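Next, two complexes with subunit A in common: one pairs it with subunit B, the other with subunit C.
Right after this comes the complex of A and B.
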């Protein structure tokens, strides 16, 4: 089978000719529709966009000319032929005037018909191509008209500041963001931009103006502007070339990088704190080993053993610290999937108390528990919730006074399970309480000396609670005690 | 024989340093925070102070050294540092830090003894 070469309509009241033509053209690869009289032809031709129509002139009901006229009116791109045995010059002229492409005199040979149809199909293609080109051209013209105002609107609405300077230093273009970022009250086209812009930007602009050849790359600088709050800007200056390659001006893009700077400072502080926390135990262990190695000190075996014991204690706390750091990184990156199961907070409290039995006994603490009979299960990761409970409970032990008390209250309200852990410990000052959840923050005073910890525990607890859309609150009175309240949603969704 | 004050919040460092100094025949007094450190220097008048730069706060050792100098205490100070250099602070070059020498942790007995002896000798010469 050939691919379809086109859609053809044959309108003829003579059955034999109609069907013969149909068969012939179908063999040539056309799709052919036939109409047996004028009104049928008119209906088909006006409701479908045929490539080519061959219309018999003389039909009993409606004249071929009328059919042609109707088709050309509704589908001007359908290429129409008039076919008739009564060929005359006049009808040919009349038919072309109405819109016929050609005239096929009857009787016609198969070769003659297919030749004419092929011409018609070619014509149809030309018409459609021309129409498509015309539509594209119109669209392009419309786009061109819109382009300028659209580009303008885009540049005006972006957050980055845009400033264009001519080679003579005159301001050629700016947007509102540029005014805002530079903290100016206004800018005026044509004024000397170099007298307004910060020195650091001027330096780069001048460098571009005075360089021998134009390099099509940008030069960036970071600058800080002190207004009510210090803001940091990045200014990227790029030369604009003329079509002939000479320098037309410079475009300056200003971006607000204050937030990046703030994060960079936090990161640097964190890194140096981590470095300090990691190095402290290493330095202690290395110091002990240096002493043990040194024969001139004549260390007793007992002392050596004591130092080794203390070294291994320090290494254990170093391992705890590294594990805590890994936990923080895991919670931040959310790399580990939570294993969500039904968690019974009551069970976790009991097993944690069991685990901490020794520490509780050492300080001779009393535990008082108050829980409602049926505590709702929460959907959470068992290990994470255990981490929260054990951390807060071990703080309540570590920072408690000897013979002190710990009150544990487990309750539920609406969608939350509420756990309160109250101790009768050393408490916190307000300033200490505010920094409680920061990394490496540990209240340091005469009461906390000798209490060990990584300084990361509560920071981890807060991250876990936050990850369940829970709430952790702390209430404390210096010298009296501290209460932690943890609210966890029963169903986090 | 000299009296040496060690002010550091790490009990293991205090212990190790004391042992080394005592082995060389020095007497040692210790404090594990800036306040106690200030008191022992003020009242026991040591011949040398070994001072950790970072205790309760990141640079409270440094402030304590300034306080001593402001109050006219000229006792030589040997400062223990840990990560200060690694994170870009070079106290050694700064005249703002009124100390006489630095020991980077971890301490080695030999280096500690050498630096302590050097500072005590200068003191004697003066």
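Right after this comes the complex of A and C.
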């Protein structure tokens, strides 16, 4: 149908008329198929989608009506004409009822025929256009329905609670998260939302309802709901404008911020502890200086010197503390790039022991080492691993008894290098052991008197070991000794 | 004179430097000072010596060791009659939200006042002087 005016089927048992019509219509630019009797017409018409068919009513084998009916059944969009010399009003009505578009009385002039065929072609176009439009409309509706249900599915499945309230306070929309977060058993569209929602949210909603201008801005509030467990919600209320700028309603988004609150509390506690730990040595130094300055106390030169010495010791501890805090901060922020190299744990142990020689000698401790011959190298940051070893070793010295022992055992399994450091020191109670890796925790009892430390060392050790996906374990018996076991992956990746 | 009412003062602090400083300061003003380095020893010493005043560090073995010791002392017949002060570098500014000003706090913080570290002896004496004996 692209370069021709249309596909036409002529069904007629009269040869002359058949061929004449064909020639005429082909001249006009149509493609024409001819059938010489009813059965041939029926076969052509049902197997091809013709634009227009002209069917003779009276044929010797099959009646034109029957051919018309068959064509209409298989190709309802083919525009059919009935042509007959024995026209009657009744046959015309009957043909139309079966689906004929028109009726051409015989004999017809060439003008009459082409005129009718043109009408038929127009009709065919209309039918096809209508059909195309209908298909498009159905497709659009389907897409719209899909879009709506997709949007619905998204809103229903998100973790945030969504509630929409009309300006009269009626609930217009909600999702299941909203019910869950508010701890309600149900919500119903149309019910008075303001009587159900927490007071803090109502206040904001009312503020939006009663403001003169629509402000296209969200108002947020935090609220805590006490159920089995206290949960904290953030409710963000945003006005919804109509196209004309008036207020249509308010959308409330509820988010569960319990976890953030918990972290905030921990963070605040940590900051408080840090402030306290920083202030204490400063107070001690300040106190010593006040006393040294005070002539009325008549301190001996020796005492003054002692106090200055102790002040300087406190300042050194303070510096250690600040450095430890910076290390923790770096480990937390992961800003420090690890310089990963092949690290020999055996070398680190030896150099650390050398560094701590003085302390070991002071307490007259005996060191016993047990290493396998070839210890696998680990991929790690040299300084971090040194920090781990020196911290655990210096604890084994600090908390040891005079003339005590330290056993160092270095071994390896398939995936780990395993370092055990065992001391014969004061040991820990179970309650002390459990808090060992917490920041600023230091076991305090009659045995730990005079042992200094920042309370951050093991917390840093744990963070470092964790950062390599390693394992650190503590075993301790009060009054007998403590064993630290550190397992570092040979290849952390 | 304050030394008429108060002769013996108990100091409890796990920081041996601060303990010695405060001992030095109080002794220079004519007080007899007894010291303990943890709350358990502090309570034993209190029961044994029955001091005329007590100054207790807040954060010792536990965050609230000082509070608990103070509470225990104040519950005794003798403790209820004497001034007991908390000593701390933990303040509102460092995020420790407590004072002894509100009624609710008075309910369970039984001390008679809070003294900041390092101790300024004149302030401490003024606080002892102002203590309202019943």
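In this section, the second predicted complex is superposed on the first by the 346 of 493 C-alpha atoms of A that agree within 3 Å, B and C clash if a C-alpha of one lies under 4 Å from a C-alpha of the other, contacts with A are read in each partner's own complex, and residues count from 1 in each chain.
The definition used in the following text is that a residue touches a chain if its C-beta (ideal position, glycine included) is under 8 Å from a C-beta of that chain, and two chains touch if they have at least 3 such contacts.
The structure displayed is predicted, hence computed values, not measured ones.
Engineer: In the superposition on subunit A, see if there is space for subunit B and subunit C together, and answer fit or clash.
Structural biologist: Superposition check on subunit A flags a clash between subunit B and subunit C.
Engineer: Quick one: is A:93 in contact with subunit B, with subunit C, with both, or with neither? Answer first, second, both or neither.
Structural biologist: neither
Engineer: Looking at the overlay, does A:326 come into contact with subunit B only (first), subunit C only (second), both, or neither?
Structural biologist: Once the two structures are laid over each other on A, A:326 reaches no partner at all.
Engineer: Touch check for A:314: first (subunit B), second (subunit C), both, or neither?
Structural biologist: Both subunit B and subunit C are touched by A:314.
Engineer: Touching A:290 in the superposition: subunit B (first), subunit C (second), both, neither?
Structural biologist: Touch status of A:290: both partners.
Engineer: Going by the contact definition given at the top, which residues of subunit A touch subunit B in one complex and subunit C in the other?
Structural biologist: Shared contact residues on subunit A (touching subunit B in one complex, subunit C in the other): 271-272, 275-276, 279-280, 282-284, 286-288, 290-291, 296-297, 299, 310, 314, 444-446, 449-450.
Engineer: In the complex formed with subunit B, which residues of subunit A make contact?
Structural biologist: Its residues touching subunit B are 271-272, 275-276, 279-280, 282-288, 290-291, 294, 296-299, 303, 307, 310, 314, 444-446, 449-450.
Engineer: Would you mind writing out the residues of subunit B in touch with subunit A in their complex?
Structural biologist: These residues of subunit B touch subunit A: 9-13, 15-17, 19-20, 23, 32-33, 54-57, 82-83, 86-87, 105-110.
Engineer: Which residues of subunit A touch subunit C in their complex?
Structural biologist: Interface residues on the subunit A side: 268-269, 271-272, 275-276, 279-280, 282-284, 286-288, 290-291, 296-297, 299, 310, 314, 444-446, 449-450.
Engineer: For the complex, which residues does subunit C have touching subunit A?
Structural biologist: 14-18, 21-22, 24-25, 28, 37-38, 59-61, 89-90, 93-96, 116-120
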